[in-house]
Each structure stands twice: as C-alpha cells, then as structure tokens.
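Taking it in order: structure first as structure tokens, then the write-up.
By letter and in written order, the chains are A, B, C, D and E; residue numbering begins at 1 in each of them.
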Amino acid sequence: MTGGGLARQWAPPALLMAGLLAAWEAGCRLLRVPAFILPPPSAVAAALWEMREPLFRVHLPVTALEVAVGFVASGVVGVALAAAMRLSPHLARALYPLVVASQTIPVIAISPVFLLWFGYTLTQKVAVTVLISFFTVTVNTYDGLRSADPDLVDLLRAAGATRWQIFTRAEVPSALPLFFSGLKVAAAVSVIGATIGEWLGGEAGLGVFGRRMVSSLRAAPLFASVFLLSLLGIGFFLLIAWVERWAIPWHFREVQGRRSA
Amino acid sequence: GKAAGPAPSAPAAGAATSGQAAGPAASGQVPAQSGAQAGAQRPVRDVSVVLDWYPNAVHSFLYLAQENGYFEQEGLKVTFKMPAENPTDGIKLVGAGRETFALYYQPDVLVARANEQIPIVSLGAVVRHPLNAVMARQSKGFKSPRDLEGKTVGYPSIPLNLAIVRTMVKSAGGDPDKVTMKDIAWDLIPAVATDKVDAISGGYINHERVLLEKQGIPLTVFRPTDFGVPDYYELVVITGEKTAREDRALVEAFWRAAARGFADMKKDPRHALDVLQKHQAKEFPLDREVEEKSIQILLPLMDPGDGRAFGVQDAATWRQVAEWMKGQGLLKGDVKPDEAFITAGG
Amino acid sequence: MLQAPEVAGPVLSVEGVSFSFRQGRQVVQVLKDVSLRVEAGEFVTLIGPSGAGKSTLFRIVAGLLEPSAGRIRLRGGRGGVAYMPQRDCLMPWRTVLGNAALLLELRGVSRREARERAMALLPEFGLDGTADRFPHQLSGGMRQRVAFLRTVLGSQELLLLDEPFGALDALTRTAMQDWLLGLWERLHKAVLFITHDVEEAVLLSDRVYVLGGRPATVVGEVRIDLPRPRSSHLVTDPGFVAYRRRLLGLLRGAIG
Amino acid sequence: MTGGGLARQWAPPALLMAGLLAAWEAGCRLLRVPAFILPPPSAVAAALWEMREPLFRVHLPVTALEVAVGFVASGVVGVALAAAMRLSPHLARALYPLVVASQTIPVIAISPVFLLWFGYTLTQKVAVTVLISFFTVTVNTYDGLRSADPDLVDLLRAAGATRWQIFTRAEVPSALPLFFSGLKVAAAVSVIGATIGEWLGGEAGLGVFGRRMVSSLRAAPLFASVFLLSLLGIGFFLLIAWVERWAIPWHFREVQGRRSA
Amino acid sequence: MLQAPEVAGPVLSVEGVSFSFRQGRQVVQVLKDVSLRVEAGEFVTLIGPSGAGKSTLFRIVAGLLEPSAGRIRLRGGRGGVAYMPQRDCLMPWRTVLGNAALLLELRGVSRREARERAMALLPEFGLDGTADRFPHQLSGGMRQRVAFLRTVLGSQELLLLDEPFGALDALTRTAMQDWLLGLWERLHKAVLFITHDVEEAVLLSDRVYVLGGRPATVVGEVRIDLPRPRSSHLVTDPGFVAYRRRLLGLLRGAIG
C-alpha cells in the first residue's frame, strides 16, 4: 500500500477521533460539566502522565496478565462447552439453559462464593473473567458448528465418516468464522471481566486503582485508568482480528483477485 | 456551639398540598412561582435526597418527616433516591447541582472539598460519632489493635481506613508498618467469616457487627475513638454550596422537618421502624431484628444530648478531623474546615 | 433400510424403493417403486430428465435418505460409499491436495500418505501446479475434477458418480472418460453413474437405466453390447448410433 | 413428536438438573458452607415462596420491562452501528476502536455521568443495558455483513446494483445467521445490563432487591432473585432462538428431507 | 477500464486484454492480449479447454475484474450486464420466484411486477409448481434453469452466459437452446456464450472464438455460416459436421 493510500485510509478515523476529543474538551468547558463527574481529556492526559509510574509499572501489567489468562481460559471453556454440546444433543439440552443462566447472575451476588473458593488470587480474577467472557464464545462456536454445509456433511456421512470425523473435518472448520467473531467479543469483554474480578478485592491492577480513585473522588486518574483498560481491550481485539485473518484466509477471499496484479 | 433549633413551622404551611407541585423544578434552584397564590401559600418545591445506602434504621427520621407531613408543611416534596453501587454518586450529583441533598461521611466531605474542589457543604450531623470500627473474630484472641501486627486487615478501598488502622495501631503501641492492609472491596463479612483476613476495618457497629453476631460469629471490636482517632461524624447531610448560599431558606426548611422527624424517632423507635418498613412496603422486607438492634445503637450516637438541637455541628470537631487527616496525608492544599459546614437555622 | 454386508450377489440392489419429500404440509413423491441392481465390476448408468430423481436415488443408495418403501442391499454394508455429489462440495478451507485426499484420510490412511497419493494423480487430472490452491482459485471444470479425484481415491467397491463431467469441455471430458474406463477395467470396481449426456452413457456403460415419470420409476433398461475397450471413435459406429437413438427415445417417453 | 420421543429428549437434561441441585444441596450440608455465603437450593426455594409477593408483583415486572426495552434498543443500536460501519469503511475504522473501548469501561466508573444525563429513570437503566449488550450484536452483524458470498455480490455488481442494493439484497440476508447468534447473546446479557443499571440507583427491580439482600447478608432471597433473573434471561434467549428458526428457515435446512415423509 | 456508453460500433469490444491473478507472492498470468467483439444482435460463443480463462474473461467484461492491460468497450456502459455465472449463485434465502425476479428488481421493476413476469415464464423453463421452493429443494438442473431465467429476465443489450446448460439432460437442453434462440431472434439481443460443448457452439452461434494456450489468447475465430432458423436436426448436416471437426481441431491445438 502506498503512503498516500495509508493516509487516505487513516486520516478520516484520526480526524473523527480528534474531533470527538475536541468536542469532549469543549463540552466540559462550555457546559461547565464538573470535572469531578466528567474530566476533560486534557485533565485525563495530565493524570495519565502524572501517574505513569504506578499505572504502567504496577497496575497495567497485573491487569494485562489477568486479561490474558482469563481470555485464554474463556476461549478454552467456551470452545469445550460448545463442542460438548454439539457432540451430545442431550448435553446441549441440559447445559444450554445453565450456560444462559450463568450470564444473568450478577457477579456481586456470588462474589462471596468466589471468595470462599479462590481467595484474593489470580485464579479468582480469571474465574470472574471466564464467567463473563466464555458465553459469547460458546454461543457463537455452537452456532458455527451447526452451520456446516449439509451437503458436505452428507458427503462425509456417505463415505462412512464417524461422528468425530464429521466434527473435526467439516464442523470445526465451518465454525471458525463464527468462533472468531465470538472470540473478538470475548477479547474485549475479558478486560471488563478482569476489572470486575479486581473489584472483588485485590491489591493491584487497573480495576483496583480505579476503584480507589472512585472512593477518593479523583475522576481524572480514574478516567486515565479507564483509558488504559480501553487500550488493553482494543489491543487484544486487534490481536484476535489479526489472527483471524491469518487463520481463515479463505473466509476473506473477497479481497483477492479483485484487482489485477 | 451553634444550634439549629427544631423551629416549628407555621401551621398555615400545613395547608400546602402536593397537588400544587410546580413541575419537575430543577432541584436546588429557585422554583417558578405560581404568582397568584405566592402570598398565601408556600409553593411546593421538589427536592431530592440521595441516601448513603439502602434505607435502614439510620434513615428513619427522614421517613418519619415524610410520613408525618413535616416536609409537606415546609412546602417540600421530597424524593428519596436510592444510592448507587458507586457510593460517591451522591456527593458528585449534589456537587453538580443535579440533586439537592445527600447523606455522606464527614471525612469524605473534607476530601471532596480540599482535594477535588467539589462545591458541597455539610448542613447537619446525623450520626455524631464513628460507626466504623476494626472488627475481628473473638477466636483470634486480639486484645488490642497492637495485636494486629503481622496480621492482615481487610478494608473496602476507601483510603480513610488505612489512616484509621495506622492511627489505632500506633496509639496502642504497635508498629503500623507490620500490619498488612488488604483491599477487599465490598465483601467485608464473607472475608471475615471465611477467614480470608484476620480483621476488617470499614465495617459498622450497627450493621456488619450485628449481622456477624447474628450468624453466630462473636467479634472483638476496637472503636477508633478509643485509639487516637479524633471523634468524627460518621454521617452528615450535604448540599451544594450554591444552594447553601442562595437558598438558605430551603435548607432550613428541610432541616426543620428532619429534626422533627428525629424527635419522633427518639420518642418511639419501634414506630420509626414501622414507618421505615411501610415506606418500603412489601418490596424489601427488612430484617426487623437487625434493624431494631441497629436503631438502639444509633439513637445515642445521633442524639447531641444536653438539649442541643439535632444535627448541630461543632467547629472544633471539623478542625480536629481536618488536622488529623492532614497529618495522615489524606488532605492536600488549603483545607479551611470552618467553611465545610453551615448551620441550618443558625 | 441398509442391510448388513453380503458376500454373494450384486454389489448393489435397489428393490422397490419409493421416496417422498415433505414440503411444508405437502408431501411430494419423487420416486416410486424403483428397482435396479449393479453387479460386481459392472458399469451401470442412470439417465433421466432433469428433476426426475436421479440425485435423490443416489442419496438413498449412499444412506443419506431413508426410502419410505423398499430396500437397499449394499455389499460392503453402509458407509464407505465414495459418493460424488452433483455440486462439487469442496471444502473451501482445504487446498486442492487436501480436498483430494479427504476421503482417503477418513479411511484411516495417514495424512501424509493420502496427500502423496493425491499428488501423484494431479497431472493425470490436468491439475498439476494447483496442489496448493484453494477451491475459489479454480475454474469450474477444475473444481469438478478435484471432486472426481477425491471420489476415485476414496472409493472401495462401488463408485457413485453424479454427473462427474458436466462442466468439462469435450476434450478434457474425453480424457477423463478414458481415465475412468481405464481405472474401471484395471480395478474392476462397480460404478453407478449419472449423466445427462446420452453419448457418454452409451460409451461407458454395460447397462443403462432410464428414469422417468412423475413420480419417477424405471421406464427402461438397456444393455449396451458394444465391444470393449471402447473409445470416442465409436461415436460414428452404427451400433452406437442405434443405442443412442433408442435411449433418446426412452428419454423422450420419460418426459412426455 | 411422540410422547416417548419427548421423554427421551427431555429426560436427560431434567435428570442432570436434578442431579446438580441435589449435589448443591448435599454440598452445602456436608461441607457446612455457611448459608449466608451459598444457601442450599431448598432455602432458596423457600425464600422464593416466602417473598413471592414482592418478587413477582413488584420487582420482576420492573426488571422485565427494563430488559425488554434495553434489549430492543441494543438490537437497534447494534445493527445500526454494524450497518453504518459496513457501508462506510472510513466510519468503520473510526468507530471500531471506540466500540471496542466502550466494552472495557467499568460502568461504575461512569455512573455519575449516566446519572447526570439520565437521572434515576428507566432511560438510565436502558442506557446501561445498551452499553453492555449492543457490542455482541455489532460485532456479529458486522462480521455477518462481510460474509456474503463474493460470487453473489459479483453477480449483483455486474448487473449494476447500487451499493445499497447489494447491501439489502445480499449482505443483510447473509448476515442474519451471525446476527441472530449475537442477538441471542445480547438477550441473555441484557438481563445483567438491567441489573447493573438498577445498581446505579433505583427503587424497584430484581437488581435493587438483590443488592439490598447482599447488604443485609440475606443470601437465600438474594439467590431467589438471581434465580428469577436467570429465568428471565433464559426466557428472552429462547424467544430469540425461536424467532431465529422462524426467520431464517433456510439456514436450518439440515433437518429437512433427512427422513422420508 | 470500462468506458462511457457509445452509440455506434459493436455492443462489446475487448481489445488486447491481459490479466493475471496474484497467488501469494506468485503472479499467474491467465489471459494475454485477448481481443474479440460482439456486434449488435450477434450470437458469439467462446470455447476453450477447462481452466483456459473463459470465466475470467467474462468477469472482466462484466466489470468485476480489471484487466492489467487492454480495454473493454461496452455499449450501454458499465453495469447492467446480465451475467450468468458458472456456479448458479442462487440466494438460499429466496424462493425460485424471488431468485428469478432478482435482477429485474434491481432495475427498478416493482417487486410484484418482477415476480409476475418471472411467474409467467416458469412453465417454459420446466419449473412450474416450484415457485415457492427454496434452492436447496431443487435438482441441479433446476437450479441452473432458475439462474438462466434470472439472467434472461434481467438482461438488456448483452447476455453473458457461462455454461448455462451444463447440468441439463439432452432433451431439456435442446428445449432450453430452442428457447434461447427464439428469444434471441425475437429481441435481437447480443449474446456472449460460454460452452464446453462444441455441437452447442455450432448450433447456436454466428461466430465462435477459441481460447487456448497458457496464458490464454484467441487461437481461432470461426464464422458459422449455417442458415437460420436452426434446429438440432442440423447435427447430421455435413456443413455442421465440418464446423464441428474444425472447432475440435482448434481446441486440440489449444490444449497441446
């Protein structure tokens, strides 16, 4: 891609972003939104700079680790559940309601249970993250597994393929596009999962930091930590989007061959 | 001392009915006058109160004032707003002029004013002494805060607790640096009950303590004021500086009604609980046993005694607390404790 | 219902099979009392007007649909029928090589060996140099040849081919036909073949069944007694022309 | 379906459910888990019965309304964003990071902003629900819109179809399966969205009820309210799954024609 | 690049077009310096071995791919080319009627009228009674006929047909050919037709281009001077046979 093309591609979003920030800053000043409710971006930036040491050195790495472990665990749990449900309709009927129910449970309601089982450990944060993120992976992967081309499945069946062969050869590859959509959502949601996990108790992490700032009424550093959480989420999301392009190239064929070489 | 008398309002005001409510007037702002009647009857004003927590025994004076028409007689139509998961919402919304009144904690009022320039003032002390205490299971065998050395104390994110524990341990002759403080967010009771921490700071003697003992977990309780922490007001009512300055009459009317509610609460605590319960109807069946214990603990801490008016605030208290907090590094900049409160009706 | 394997008798016998599709509340009968058989090593072709039910019959034979009446006997038993569907059904996520090796892999041949065996045949199928391409990078005829290769590699006793050469030009088609005949003569597999091309039917088959009517049934069975090996030069042979005319006549009757 | 078939289909999940409940009950008793941390199901059932009046009459309807409105709004917002992003790549590049970032923001951090804008209203609860639920709809729908068969799109392009025609005729129908997967997730997640909305302030609703029960250490009624939340979530989920079957029958063709009539 | 509409001259002229696919790092040239033209009302056929580049050329003409060299002139301008792809590309979510009416709808014909016009033609295409079926409920040949119907209904000046009859049996095919010839003679549309069937090419065309070589280019152009109207009886006509032989020869050369 040429430099000009790159500029054309990224100039509009950059402009929009700049515009939004400017509007936010102006809004805060003109509408006299109190800074303790919504600090202007300049104040957030200042807080980010001022608190760079604790934020980047202490809290960001802790949360990033929780998000990473929690996200991977969510993926594993999500896929395992979807696969089990696809391979056993009985299990599917039994598990699906429970899986859906798990999403409706306020974490705060069962936080004592988490506490009892896991204490204030990384495991506890990972468990909360999994609870919050696995669902979208499960639903998407399960639906993906069901979306295999029936004619292709028939071909395999006719050839005497076992259930497992049909699963691995036809259903799993067919599920990948939906799986990745779910995984991208999970990547973003894992961040909030880790944050909530930290709210249930912890000594370090952006969530703990943010909660402290809330308690001491310090909005600017709070928003600075939220900003870092967002960066973390966007980072994980982009990572998965990139892996997706690489893992299922056939799904993105539309770009190929459209222009001549 | 400055006293806010429970000034009885003019009987004429009792005629004001809520039927005349002048629309959803922005709280704290001067309402639209309904010109024709302005002279004879006080216009009805909408005001809101953001509670500090879900409605419990400590709020029964407000519900009594509501139930017995004291607010109405002052020309006020009061709406109680449920507190948020985020406990600082009340102070921020009052500071922004979005809500009229809120219940909050004295030390945090100082933090808000000094550190974050949130324009709020306290207009009356509701609970005049700390409810916050350090609690541990009796089985731990702690005899003094000093025994917390080498132990873990859980607290709910609020930095004030760090200062309280430090001060208490030090005053008992211990080394505060040897105490591990652990942020356990909102699960104070389970943390103690399941021994994830050795003690907690931030629990209230009229709530966590009552609940834990009800579960059959006897506690050792160390009160901050016994160990070097200045006596502070656990709960005050705040309003915006602007309201306090420009709408003093509103503030006073509100407090007059509130004080009458407290008088009724003191007279008949059981009835107070009945009213509290009634206002929540069947929606939230309160645990009567817990609330009764709570109100017994609260009443002496709410009553200024010596015939002084409900809510009266002492400048000395504000100064001592500010000084202590400053010493603990909780306050930055120029604190001016005398400006942090007003005396309603004074 | 598919039966347990049998050692003697025909490779495949279809006995009085009927079949209906449900369409909402309606029931559309497609096949009615269809009987046919394929002996060991025989090349049998099925022709019939478009929409008659040829592919449906294939799907029944392959065990994908259950007949509402009648029975299917299949030597070697259910499963293990290499079935080439009319739509190529290539896996978009597999390369040419991976697609061609698919059925072999299912039969337990190691991934590597399966691919090697597929690789060896690519040139004969005019697919050299395309091993690593994905299906969407192929022309229509190339896709069909990959599907054909997949079927041939995966076949055991019986080959079920549903219009395998429909998308091929005259020459490529002839090459593929010759290749199929060679394979068939060498390995003596039984073949059940669907085509819409009457010449192709005459050229390749021992016997031809004509399916027709609504619901469809067997309206004619023609034994093709032409000498083997045959080649496309036969086309002008009077015997060939006669068979051709006869089949076209049957087909015309089947439509009318 | 015959009665026997129905029993065969539903007996295993029912048994599993019963087994889980029994294990829970036994676990609570044998392991002496404090009832205020994890009450046994019998206690939850008792609380549900005891509190049936406030739960069913007062709180359930409030929350159900919030969930319903919030869910519909999430669907609308989610689809609108996805469509806008699909139709304008510039917008997509600009919005996608913001959309992802929105998922990483702890609601509690911006609760004063919500309250400032919306007060303690239904709108506020709906806003929180949308914030929490729209994302999965957006990502799935956007990915779905990109999954249209490129050959089909080519057919339309060759025929001179406008961008809008390609969008409505090819991309929208192609997106439906993914859209519905996202919508099902959103249906379940809306419940937690409304609950969190209620935490930020509210007079009634299962979230408010639960929060209160947490504060007063009354685990059994708390779990009773969580149980109702789960039922609500499962109900909404099933509703969408049912609509899905009805709306995109072609996607579920695998069941057709497999057996003879 | 496609050019603005022109009033005079051929309906389509392809001038020195080359095209390459990128395949990872590799660049595979498919077409090299291809030139051809279709006059108003002319029926032109393109034949060539499988994988030569016929479909690719169609996609270039339809404006879907951009040639790396050369130019395309299209009367009526870009867009509005009714293009029948080799894969039928029916919409699985539309019924037969909806699919057939698709291109008409795009041209602004009301949904109702579009469907009525499609409905009227269903019987002639042997699709009566299938109006409300979904594509997966059709046989292979029926799908192809729906795609053909869609293209015919949506066409304006030029019809681009990529193997429209590849999946049809001899008789249905003859019926469709006759129908196409009738339409063409009646409306005098220009047709560019791909087939793998040499007989079909001779039977239908005014001129036949043979594509061949690697990369492919035009290796032969044959004008078919047989009287019209033609019918399938021509097949035995000596002139016909000569043309056939000549094209097969060219095709053979194209492969070799």
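In this section, contacts are C-beta pairs under 8 Å (C-beta built on N, C-alpha and C of every residue); 3 or more make two chains touch, one makes a residue touch a chain.
Remember, predicted model here, so these are calculated numbers, not experimental data.
Peer 1: Taking each chain's centre as the mean of its C-alpha atoms, give the chain farthest from chain E.
Peer 2: B
Peer 1: With contacts counted as C-beta pairs, which pair of chains has the highest total?
Peer 2: Counting C-beta pairs in contact for each chain pair, the top pair is A-D.
Peer 1: Need the CA-centroid distance for the pair chain C / chain D, whole Å please.
Peer 2: Averaging C-alpha atoms per chain gives centres 48 Å apart.
Peer 1: I'd like to verify one number: the distance from the centre of chain B to the centre of chain E, where each centre is the average of its C-alpha atoms, in whole angstrom.
Peer 2: Roughly 83 Å, centre to centre.
Peer 1: List the centre-to-centre spacing of chain B and chain D in whole Å, with centres computed as mean CA coordinates.
Peer 2: 38
Peer 1: Which chain D residues reach two or more other chains?
Peer 2: Expected reply: 36-37, 108, 112, 116, 150, 196, 199, 211, 214, 251, 253, 256-257.
Peer 1: For chain C, jot down the residues that touch at least 2 other chains.
Peer 2: 21, 64, 87, 136-137
Peer 1: Hey, what residues on chain B touch two or more of the other chains?
Peer 2: Within chain B, residues 85-86, 88, 92, 96, 186, 189-190, 194 contact more than one other chain.
Peer 1: Within their complex, state which residues of chain B touch chain A.
Peer 2: My answer: residues 85-88, 91-92, 95-96, 108, 111-112, 115-118, 154, 156-159, 182-187, 189-191, 194, 196.
Peer 1: List the residues on chain B that touch chain D in their complex, please.
Peer 2: Residues in contact with chain D: 53-54, 81-86, 88-89, 92-93, 96, 98, 186, 189-190, 193-194, 211, 215, 281-287, 290.
Peer 1: List the residues on chain A that touch chain B in their complex, please.
Peer 2: Chain A reaches chain B through residues 33-37, 108, 111-112, 115-116, 119-120, 199-203, 208, 211-212, 214-219.
Peer 1: So in the complex, which bits of chain A are touching chain D?
Peer 2: So the residues of chain A in touch with chain D come to 9-10, 12-13, 16-17, 20, 33, 36-38, 90-91, 93-95, 97-98, 100-101, 103-106, 108-110, 112-113, 116, 135-136, 139-140, 143-144, 146-147, 150, 153, 177-178, 180-182, 184-185, 188-189, 191-192, 195-196, 199, 207, 210-211, 214, 222-223, 226, 229-230, 232-234, 237, 251, 253-254.
Peer 1: Which of the residues in chain A end up touching chain C in this complex?
Peer 2: 149, 151-152, 154-161, 165, 169-170, 173, 176, 248-251, 253, 256-257
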